[in-house]
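Look at the two complexes coming up: subunit A is in both, with subunit B in one and subunit C in the other.
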Partner chain A sequence: MYQRRLLASTALCALMLGATPVATFAETPPDTLVQAWSIDDIISLDPAEIFEFTASEIAGNTYETLITYDPKNVSDVFGKAADSWTVSEDGMTISFTMKADRTFASGNPITAEDAVFSLVRAVKLNKSPAFIIGQLGITPENADEMIVQTGDMTFDFKMDKAYSPSLALYCLTATVASVVDKKLAMEHEANGDFGYEWLKTNYAGSGPFIIKDWRPNEAVILERNENYSGEAAPMARVIYRHIPETSSQRLLLAKGDIDIARNLTAEDIAALKDDANIKIESGVKGSLYYLGMSQKNEYLSKPQVRQAMKYLVDYDAIANTIMSGKVKVHQAFLPEGFLGAYNENPFTLDIEKAKALLAEAGLADGFTVTMDTRNTPEITAMAQAMQQTMAQAGITLEIIPGDGKQTLTKYRARSHDIYIGRWGPDFQDPHTNSSTFAYNPDNSDEATSKPLAWRNAWDIPELTASTDAAMLESDPDKRAEMYIADQKKVMEEGPFVIYAQEIEVLGERANVNGVIVGPSFNDNNFSKVTK
Partner chain B sequence: MTTREWLLSDNPVSRRQARLGQSYRTWLDFRRNGLAMFGLAIVLVLVLVAIFAPWLAPHDPLIGDLRTTRLLPPLSEGHLLGTDDQGRDILSRLIWGSRITLAVVALVVVIATPVGLLVGTTAGYFGGWVDTVLMRFTDVVLAFPKLILALAFVAALGPGIENAIIAISITAWPPYARLARAETLTIRNSDFIAATKLQGARPARIIWKHVVPLCMSSVIIRVTLDMAGIILTAAGLGFLGLGAQPPQPEWGAMIAGGRNFLVDQWWVATMPGLAIFIVSLGFNLLGDGLRDVLDPRRRT
Partner chain C sequence: MTTRTNRGRRGALWIRKAASVTGTVAVTFLGLLIVTFLIGRVVPVDPVLSVVGDRATQAQYDAAYRALGLDKPLVEQFWIWLLKVFQGDFGNSFLTTRPIAVDIARVFPATLELATVSIVIGTVIGIPMGVWAAVNQGRWIDHVVRVVGLIGYSAPVFWLGLMGLLLLYFKLDLVSGPGRVDITYEYDFTPKTGLFLIDTAMQGAWGAFGNVVSHIILPASLLGYLSLAYISRMTRSFMLNELSQEYITTARVKGVPEWRIIWVQAMRNAAVPLVTVIALSYANLLEGSVLTETVFAWPGLGLYLTNSLQNADMNAVLGGTLVIGAIFVGLNMVSDLLYTLLDARTRKR
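After this line comes the complex of A and B, so read on.
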């Protein structure tokens, strides 16, 4: 035992030496929150473009959206920059009234003009998240007519159909609907870009923190917004340090060089549980882990094979070992916490049943398929676990590793057999997932809309119609029922083996309090943190 | 007369006796070098383990049990070296992995050595523009660091053990070409070559029958010394996910899989690391010993 510890600590020291490039101090300053996270996914700080995990979280802490929801109870929607709103009789116009006497970090007042500017700007710039507003029938061409200022503090938001009100409202809780300081942004406008080039690396918001500095692959520094209209944040600074190695994060946390470690592995969590200086905070996220099986593959297109695959994943073992503490078993396409989420998990590992199903499909001797696998440790480990259980039913699963870009490109081009992936909802309305797992208006290779069902070449006219219908249903109970029926159908017949829902885990020093871990990354909030 | 006396006879009566006698003397020389013998023993054990893997391995190298045997420490019951994150027995994986390691080494040597020899001897023998073209091409390949070039090739060919072997071979031949050329230059103007030429032998025959055999000993030394490097390159590719693919028990890939557990479950990465270390050491010692006995300049 002693020897093992000695070896472990030797390895630890070696790691420490390699992992701390900057001068180490024993404790972080009392007014500064230091987090270690892998922040290499940030490509822009403009809310009209932000669509990545890390940047979303930063936007959530530095910008304010029109409306928001309680992270503990997603169905409780309330105004943030907006004070109130009314939906017109025909359900096609929402009239917003802004909160009075609020200012941006620059000192400029927040008015309806800024809100209209921000939404129109997002649609016209047409970056990755623009579709969230665009799906309500607002295009770059008609944006100026659809989003109209009606007074100093009021504006109308028009849609092309009477969408379910909750869908429209949840869309406006996404980071893309953040309110941007029009005056400041337009000061930096160049070539009619609405200040996009400048905002990519700068800040024009009104949240509890301001973005002070972003050094790619090094750090992001947030500072307290002294002009914040709400309650001032106790922390003067929040610093994100880019530390990709999970073991380095763990060691820094144990030493007190950082306050929060964001990428701990299941093993790290288990080991840190007993440390009195450290506590583990977790929150259920909306992201789902799933396998996508291409219907272009001759074996996977057989319904019995698709069923059999669902019996060949050891759901519990994966959730309790490799991903212990970081996921929970979930098999429907709406994550727990969403309206209409179906929380039953009918599938378990059952080799005999799978074999019977394969025999029924005329494949009693099994077959060989490939699986494109992102070469991160967790995804690779889960893929190997599935490889083992599938081998027991005679299915040879060949793992093709690649980095995220390679595997995703292949998946998007529909040239995979099986893809092991992770799907994060774009906003908190069930339509976000329904419109990708159960929606495929055009299954041809040239289709313009490319949801997950399309990527897996799953032709589903009925479910597509059902998704469209649910999007327009205004009665929440009825809508939930429609989604439950769709989920059961996808579960039974679909080309997706959904096996887990993510739980985000943060390792914190024991003196850190008040961290809010929400269902989506922009809901993670540090404005109330004390230490 | 004992066999030994026959072999060591100062007056061999046949060519065969002379040749065997020479080999025996080399062996006697070699045997005196303790470290070299140690290296030879390691390599022999590796070969035996690879041959008898199915009988030696206590468990299936590919199938583990997540629920019961995950991350067991070394010396656990039934798992001498512990188990990895998929619940697979590390000892069994190391034993099966020796086959992959040996196959990589053997194939690379079989591919790279003849190519290097051919290019080098041809360039050295003909000289002139043939020499310039071949050697400049060799320089081009040599200009890149081995691992980087192998990485580029694997990236282009696609990951996999076969492609890794091809990529390593492509990067491994230039030193042999250089060596063979240098040796060839020293003997191309010798009298016996001139004599063979006078008898009407064609260049191909001269190179193959008279030049290549004389280059062999230095190339063998170099190849043996390079074997450790080949193992490390293969492990490096495996570590980066470009060599053997999961679930194959390739040692480099095993280290990559274990590095996430380094702090708490050190054995997952350490055991394959030790295996690579020991085998590389074995090949290096063996190569050193061979150089001592085969290198004509060192012979007294």
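After this line comes the complex of A and C, so read on.
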């Protein structure tokens, strides 16, 4: 008797706890775009500090830079907050005129005073992206003299040298050159910080959306900017939900609980391809995947070994199988789409050739080397593929898995053998990558400049001089030729095995239209999206 | 006179007891913080990189290094941090840029809610299961309960979560997917306590309440199942011990109904050690379950602390450690108190 009662009470408890309302809310509101993305990289919302993927994209949709370019054709540069500009005869001053009758989301008018304030504050705050403007000869000490307001809607931007005009202009398309609402930011200034502490978590821009809320590791909510001076965005809200697990993103997308999934793996993409409710959108990004080989390593410092390593990567298998659809083969340090990008891929998997090169280096029996590898599934899979192909030439590649920050710490300290990395350009000018892959003014451990060439201890006075010269070349054709020559040199001799260029892939519900996937994250745009 | 002396003696006893508890708690916390602080400093991650990113110049790097106080000796760093904590300032997280207290106040309710529902599920089902198994020792029911427990112990929570989502959310549409509430309902209520079940109920947002329930039920059942596995095994063991005691035989001889023997007489004694088992399970759940929080996109303490530790965000890690320490100490005290209520013998001591 008591057993039956016990059984009944247990069943009742289970039933009560299991009796949940049936959940059939598989649709997002028609005026809201919901995206699932891993957004834990955001550390600031201040354009003077933003340098991470997610925050860059948010800034691209909520702030306006002085000038911009067409994401489909980056050589087409045009004014956004600026109406026009002229370059002085000596090539050292750009005079800007701002567009009239435009306002910030706050309702304050956008003037030259705001533009000057934004650029000067970015240089003076001297956060990570400040070098983008700083490399034009503008320092916290001279910024007030170099960036000068000349009228209500005009200002001069002076440089210390006659840099290539395209370099200067592309620098001003970067997030760090976003126009900030001076009046609003200064209302929140504390201890002469130009409103930095406040702006880290708040908003003072003029883009098609405003940043309504950022809940770290949870969500970012953008709302339509009702004071936007351009065409109003069809979506009233864009919501980024932090969904770190890609399988969860895939389930949510397939179910219709989100409109866009941002971190789908190659496997997820393949599984969703046949779903009529889903479409896959992609865009070529500027990020490159590469191996950095330390020249402090006795084996890797041999030129034949560096060459051999380039024949020991199965480029096609990585692009077509492991990363299927998420990368394309690319071997030069300038990504496809950049001025002067060299798009030939001379290296293929060739074990025999690699063996011959190793024998030439006196290492016919191979050697053992370690590779610091970020423990994400995709990077690990690529590393394992390389481990297999290198083993065929007698090289024992020991993979040292680690968290992203952990492997980076080691890489920056130059205590790695090989580092498998990813590098994204900071702006659309070739100098951005040239100044890291082909530039190393001081190879000592105490150097103040630590580009990728330094991290791999590659001492290259000639290439460094060539990079310096290319940034001053005003003729685009000549400049492109200089970069092509440098890329070939790095390809042949360099300690980098550049093997792929990123393709960003978005899984979207079929009713989502108008998403722009640009070459850099701040070009990804949702202001024309309809559902 | 005698009464006053007794009272005085009892008062002194209480003061001594309180002082001893405070001392133990203080030493526990200090030890906990020192260990956490040292672990944070030996983790091979450069915290400056999390602040300035990969592209910073050496000057920017050095400035951030100094701003984080990393140029000072380790002992001094800890001392400065400790002094600030005594003033109620836990510092800011450099990942979220907000004060630690604000961050924890944001993420802890999510974990608290999930853990509480989970422990209720684990207890309400686990105890009857354990009793049932004990009463039917060696029979098929006992074996079934054992297998159910074993699965709960051994199945990876990550896999269980994904399978649960696939079946109950994706295929059968019985529950909602990852997250705490659907976008449609997010603006129907104002999060005041951060416990969405309570917030929605208090504000009469019943649609949102139903949605919150449909979101929490799967991760809570999953975590509840893991607690259930432990609680049911321990209940079985405690009950078996009680059921073999002489007072049970005496009760049976006297004709006391079997349900009363089990649920009142045996359970009263088995409940004493069970309190500790449940309190520990609850404390474990309150630490936050990183994998469950990842699969279910649950913005709780586990995910927050893991992310902070991976980025060497030590203010956040130390703040979180304090909270977890406080939970363990608090729950230990509560279970001690419950001991004295449930077990007359401990009161006499």
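One rule holds in what follows: the second predicted complex is superposed on the first by the 507 of 531 C-alpha atoms of A that agree within 3 Å, B and C clash if a C-alpha of one lies under 4 Å from a C-alpha of the other, contacts with A are read in each partner's own complex, and residues count from 1 in each chain.
Heads up, the rule we're going with is that a contact is a pair of C-beta atoms (placed from the backbone, for glycine too) under 8 Å apart; a residue touches a chain by one contact, two chains touch by 3 or more.
It should be emphasised that the depicted structure is a prediction, and the values quoted were computed from it without experimental measurement.
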{"item": "Comparison of subunit B and subunit C by subunit A residues contacted", "value": "C"}
{"item": "First, second, both or neither for A:43, with subunit B first and subunit C second", "value": "second"}
{"item": "Partner chain in contact with A:131 - subunit B first, subunit C second, else both or neither", "value": "second"}
{"item": "First, second, both or neither for A:322, with subunit B first and subunit C second", "value": "first"}
{"item": "First, second, both or neither for A:247, with subunit B first and subunit C second", "value": "both"}
{"item": "Contacts of A:99 with subunit B and subunit C, given as first, second, both or neither", "value": "neither"}
{"item": "Subunit B versus subunit C as contact partner of A:375, first or second or both or neither", "value": "first"}
{"item": "Which of subunit B and subunit C A:52 touches, first, second, both or neither", "value": "second"}
{"item": "Which of subunit B and subunit C A:406 touches, first, second, both or neither", "value": "second"}
{"item": "Intersection of the subunit A residues that touch subunit B with those that touch subunit C", "value": "7, 247, 251, 402"}
{"item": "Footprint of subunit A on subunit B - complex, ascending", "value": "62-64, 66-67, 70-71, 73, 85-86, 159, 241, 245-247, 257, 260-266, 270"}
{"item": "Partner subunit C, residues of subunit A touching it in the complex", "value": "1-3, 5-7, 9-10, 13-14, 17-18, 20-26, 28-29, 32, 34, 36, 40, 43-44, 51-52, 126-131, 200-201, 215-218, 239, 241-245, 247-248, 251-252, 254-255, 257, 402-406, 408-410, 412, 426, 447-450"}
{"item": "For the subunit A and subunit B complex, residues of the former touching the latter", "value": "4, 7-8, 11-12, 15, 246-247, 250-251, 265, 267-268, 270-271, 314, 317-318, 320-322, 375, 377, 380-381, 383-385, 387-388, 391, 398-402"}
{"item": "Residue ranges of subunit C touching subunit A (in the complex, touch as defined)", "value": "43-46, 49-60, 63, 94-98, 103, 106-107, 120-121, 124-125, 128-129, 131-132, 135-136, 162, 165-166, 169-170, 173-179, 182-184, 210-211, 213-215, 217, 221, 257-259, 262, 294-297, 299, 303-304, 307, 310-312"}
